[in-house]
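In what follows, a structure is listed as structure tokens, so that the remarks can point back to it.
Chain nomenclature is as follows: A, B and C, assigned in order of appearance, with residue numbering initiated at 1 for each chain independently.
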Amino acid sequence: MIHALIFLPLIFGVLALLNPSSARALGLVGSFLTLLLGVASFGGFLGGTDYAFHTPLLAEAGVYYAVGWDGVGAVLMLAVVVTTFIALLAAHDVPPAMVGLALMMETGLLGLLAAQDLVLFYVFFEATLIPSLLMLGLFGGAGRVRALIKFAIFTLVGSLLMLAGILAVRYLGGAPSFLLGDLLAHPLGGSVGVWAFVAFLLAFMVKTPLFPLHVWLPDFHAENHPSGLADVMGTLYKVGLFGFFRWTLPLFPEAFALFQPYLLALAALTAVGAAWIAYAQTDWKRLLAYGALSHMGIGALGLFSGTPEGAVGAIFLLAASAVYTGGLFLFAGGLYRRFGTMDLRPTSGLAKSAPALAALGLILVLAMVGLPGLSGFPGEFMNLLGAWQASPSWTFVGFLAVIAAAAYALNAYQQVFHNAPERPAADLDAVEWQWGTLATLVIVFMGVYPKLFTSAILPAAEALAAVLGGGR
Amino acid sequence: MTTLWILFLTALVTTFSGFFAPPRTIKALTLVGMAATLVSLAFGWGETVVAYGGMYTFDAFAQGITLVMVVGAMIALLADCDYHKRLGWPAFEYYPLVAFAVLGGHVMASTPHLGVMIVGLEILSIPLYALAASRRSERGFEASLKYFLLGAVAAAFFLYGIALYFGATGGFVLGAQGSGLVWAAAVMMLMAGLAFKAALVPFHWWTPDVYQGSPSPVTLFMATAVKAAAFAAFARVVVSVGLGGPAFYALAALVLLTVFWGNLVAMVQGEAKRMLAYSSVAHAGYIAVALFGPNPAPALGYYLLAYALSTGLAFAVLAQLDEGEGVPLRSLAGLWGRSPLLGLGWTVALLSLAGLPPLVGFWGKYMVFLEAARGGQYLIVALALFAAAIAAYYYLRLLGAALFSKAEKAEPVALSGSAPVGIALATVLVVLLGVLPGLGYGLFTAASAIIR
Amino acid sequence: MLLLLIILLPLAGFVYLGLAGKHLREPLPGIIASALTGASFLLVVALSLGGGAAWEIKDWLPGIPFSLVLDPLSSYMGLVVTGIGFLIHVYAIGYMHGDEGFSRFFAYLNLFIAMMMTLVLAGSYPVMFIGWEGVGLASFLLIGFWYTEKKNADSARKAFIVNRIGDLGFLLGMALLYSLFGTLSIAELREALEASHVLPLSLGLAGFLLFVGAVGKSAQVPLMVWLPDAMAGPTPVSALIHAATMVTAGVYLIARSSFLYVNLQDVSYFIAVIGILTAAYGALSALGQWDIKKIVAYSTISQLGYMFMAVGVGAYWIALFHVMTHAFYKALLFLASGSVIHALGGEQDVRKMGGLKKYLPRTHLHGLAGALSLAGFPLLAGFWSKDAIITATLNYPFGGTGFYIAGLSVAFLTAIYAMRWYALVFLGEYKGDAHPHEAPPVMTIPNDILALGAVFAGFLALPKPFWNLIEPYLAPALAHVEVHHMSLGLEWGLITLSAVVALAGLYLGYLAFTRWALPKWYLTFQTWSENAFYVDLAYNAVIVTPLKELAYIWSLLDGALDTFYVYVAGVSGWLGERLTRVQTGYVRAYGALMVFGLVAMLVWGVLR
């Protein structure tokens, strides 16, 4: 079932590329079937089914096609399948090829979450870049090529250096293969370990992203197709925190301990700085890009604390933010459909003419602000509990973002929906009702009953914290 | 022996049948010869054939190289282009020249004897000089002449190297070890002479001018088959003299200069063939990275295959667009709309050249760097990978020029003759060997440790 | 599960009215919402009589249960919230009559009740925080209820953001407590704290951080600036959220955490100081206001200050006693103000009122009862609770004479501005041009009930030797505090003194604001007071504007970082340009370069 889950979207993606006229139907069916498979797998995982599978891919080089679900992968897998389905449901007026590319990305994402072999992970991690680049390049705005090159170069500089790190980890560490278990059994310490860690660090800092390697992100979102589909997939592709969780931290506990104080500082600065900058944005997508960046800073703060609480928080935040940040990008796409602009300023007082739209927007914005009871809060809170144990002062700095988030999010929201009404707007259409309801249900469920996910993440988080020495 | 004979006969038969048969038949004959070579390779795969008192040693490594050359030649032969056809190019000579070049490369790859090696080198080179000029345009002549003159300089280096090698070891067969000044000078000169053909900086100067000035299918052939042959010899020399001492530093300097120079200069080119020429220089650097490993042959051969497929595909696409003046980036615009097959092939080829998984180019890079990592050369690995990130810039520019900008002219590209077959085949192979890397790499594993 | 229902009923009302309210005809949404709140009230009563309840989901978050507890403290607070909430719901059916957002209003009110009850019933801090932010959201929605006016929308946002500053304190406080004790369940924390002999040094910081949360929510100095602006919401909202219930959540938080603060003398002292400062600031600012609601709003800030002084000195039950009496009279004052505004067709300026006693006899009585209770007129509810606070500064552990004197002085001011409010609105001649008309029964009847509370609620807890029902009821849920003994004579002497002060204040206010016999310096004071001592202005100039500007500066710097990378990348382009010039196209050059290359190799490799 795990292979079906990973490769089903790819099959539908190729079909969608071959049949542009029925791309939407194929996209919906494909992502829905994947969603069903994903939910079933998650259920199976909770029920104790072991999905682990491995077979040599390039036996001479110790590379395996090894996949399986642990709690972290399963939770994020669920976020991917749910969010992709929501996005494909919402983005009903995109060029057909985008649907195909989005589905191909889904396969890449599921694969990198499931991968238990470092090289396989790398393959999926990089392969996902291709449809992402194509989506931006083919369907982006006027500045797309510049944005694309920036995005690609940042990603590739990081990940190609990581490739050097990957090779070093195995051969200097003496592991017989690139399988996670083998690598963990042969940790790489010393100064070589530090260099390899730095290589991994750069790759995942780009993909988290963290200050100062985040500059590709705002342009990436601002230039992508206004429907938001590409932004959603791009949001899902920000798997840096997962990369840290699954690979970087457990492989280099020693080097991590050396860097921890600086990483906490970077995370905190990312969190507060990005939220602050978001306040100055007047473009929905740039605002959301910085907002999401700030959240990743919070997540990183938790993860880098090296505590189980923080690790749970980071992964939960990653999963939750996929849904609400993704939802907000789709929402901004809806506004673009109505007004032909991503600018916040010309719209005003929409709550009058489109109350349901306003309500949906409010739910998404509040989730982003981290209102308790919605999905943004549990992750943020666990990050807080974890981060404090590692560094109260950086926690304080980082969590100033909580205040700034309220400022930028509500400022933007009120700009558009409150104040004196100017141009009226159509309220939610049928498609928006569908995806909006689905997104709301997910957001509320994750906020009200986080236990389902946190309890799945916890064992892995505790194992990580044990490797890192607890953080205290 | 069969392989040698088949290649030899192919060259002879095509040469003489050219007097009475039309070029189409000769093309078919050449292809048949190449296919027959493949068959004979398949039957003798992994079995070392030694003949002529060891001067012809057709080992697994040479088999791999021959395979790559044949694949490159086949893509080149299949990549007909409409424009050239209208001008009456290629004339029948094209086919026998290609066949002779493959034969020369095969000989060059299959011998530990330096004298035989230079014979092979010349059998390879002389047809190439002719091929470069085969369009009979001024640029073609210029390219050909440059190639010839510089080739002569390099051949001189190589010959001096052989002489010094004899002085230092008392023989012509690779595998002997010498010492002292003469030995060191011999090693340096042999490396320099072969670095020319392999296009390693600073012996690469001919590459951009010749690649740009030659007809695109010829460029394709040079970038694939010739590179493979050159590396076969280069690898044999480097491995047999060993990387202790001066050879190590020379190789490291060549590799790093090559990857950075090639990639940096490629960034600022405005014409696709020239860009790919510099890319070919850079790739020569990556291939040489494998030589730092304890067992470089499989990785090196595999990279050559991956590179031949990818760059062969890229040049095959360019061949369809080249109207004699090269392919300026802007004329690539709207490629996907003008011909989906070319668009797909171009995309796949460039992403593979950029080294993105799951395409075969990634696995080539991966195995090469893995090899160097086994040899403990992490600094070289990291620097070369950093250069690869720079390279992504111009591959994306090339990709972007074709995909992400509006077409000036929207009329479809006319694909003629066997070109669609060649392009489709190469595309499928690049993807298939990327998804199942073991399939391609498995061909080269037999080459371990019998490279001398 | 019944316990959960207390929250779920109004929450269901919110969801239902939010989704389907548009299609319901007035006053159905109001009736549904009121009924659900009333049902919650009855549930609280029933469960309290049943001796409390508890409910939890284990490991809601790792190590943190989702727990609800109905103990004496939460049932006491729950009764105030749902009881007064119910009355205000009913009142609002009349007040919001004809508003196009009628059903939306009740949806929000129900959301508020649900969240407030979550806050109250919480058995662990994170759960309390859910309610804490939830009521903040409801407050945001209701302040900005008439969102088409920019001023209202801005006020709503201001309230939310200022509250968030406090919330950050709350969050960090929780983080610290968690790192110290590994739990955030209030009961477990209490056990851990009472069992430990040596208290962690950073406990004081935890107490302080939680208090920062309370400062935000309860509009204490220096985060009081949002509350006056919050009057932009409909008046029932001001009564319910910004007077009777939500703003007292801070007091509730401290009282809930009394087991913590009872160990923290310094922090408690600090709380009391903030409390009395706030009380003074509120009272002084209330004196100069001309907006009928703003007078009451600043009075609320002042009264909340009293409550914090009470919890600061350790008199937790007295603070809660004042929460209850204050809920009655302040809700009453707001609703009476609402009736006045309603009667005058939206007029809020007290200078255009006066003489309304004649036109609005029923409302006049409500206003009088509320004002006198606020002023501490002897025997009314406000008198007993406020006097209890002032006296407590002398005999509770963290008190002091300074607090006593300050508290008494503020009580004097309180009486003056209460009388000013009453006199300007109801006494003298009508100065406006509307046609005042009395409110419908749906509005007056809730006020009648509140008025009864404002007058008589104080008799629930009288000083010795009379009965005191509240202190023993709350005792199990609060920390035990050693109270200095005070003789009956002294106690009653002090009571008499505060009665005299209140009466004197009322008389002075009457004189001043019916005859306008005011000294010259008062005019200067009037201007300062009217502008609430320019705190808003100062905050904007010193904090808000610079922060906003910095956002733009950071934004530019981020762009500069981007440019930096572009230049770094440009270096490779530049290098490429340079290197490509070496490729001249001349064979002689190529040949020479090759020879140079070879020579370099030879020199280095051979002659080294």
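The working rule: a contact is a pair of C-beta atoms (placed from the backbone, for glycine too) under 8 Å apart; a residue touches a chain by one contact, two chains touch by 3 or more.
From a predicted model like this one, the values you see are computed outputs, not experimental measurements.
In terms of the distance between Cα centroids, chain A is separated most widely from B.
Once CA atoms are averaged chain by chain and compared with the all-protein CA average, the nearest chain turns out to be A. A count of C-beta contacts for the chain pairs A-B and A-C puts A-C on top. The centroid of the Cα atoms in chain B and the matching centroid in chain C are 76 Å apart. Inter-chain spacing, taken between the CA centroids of chain A and chain B, is 41 Å. As a whole-number value, the distance joining the C-alpha centres of chain A and chain C reads 36 Å. In chain C, the residues that reach two or more other chains under the touch definition are 569. The set of chain B residues touching two or more other chains comprises 393.
Each of the following residues of chain A touches two or more other chains: 153.
If you check the complex, the residues on chain B that touch chain A are 298, 347, 351, 354-358, 362-363, 366-367, 369-370, 373-374, 376, 378, 381-382, 385-386, 388-389, 392-393, 396-397, 399-400, 403-405, 436-438, 441-442, 445. Contact residues on chain A toward chain B in their complex (touch as defined above): 56-61, 63, 119, 122-124, 126-127, 129-130, 133-134, 137-138, 140, 144-145, 148-149, 152-153, 156-157, 160-161, 163-164, 167-168, 171-172, 192, 195, 199.
Residues 18, 22, 57, 59-63, 104, 126, 129-130, 132-134, 137, 140, 144, 147-150, 153-154, 156-157, 160-161, 164-165, 167-168, 171-172, 174-176, 178-179, 547-548, 550-552, 554-555, 558, 561-562, 565, 569 of chain C touch chain A in their complex. Against chain C, the residues of chain A that register as touching in their complex are 150, 153, 212, 215, 218, 273, 276-277, 279-281, 308-309, 312, 349, 351-352, 355, 359, 366, 371-373, 377-378, 381-382, 384-385, 387-389, 392, 395-396, 399-400, 402-403, 406-407, 410-411, 414, 417-421, 449-451, 454-455, 458, 461.
Residues 145-146, 149-150, 153-154, 157, 181, 184-185, 187-189, 191-192, 196, 202-203, 205-206, 208-209, 246-247, 249-250, 253, 261, 264-269, 390, 393 of chain B touch chain C in their complex.
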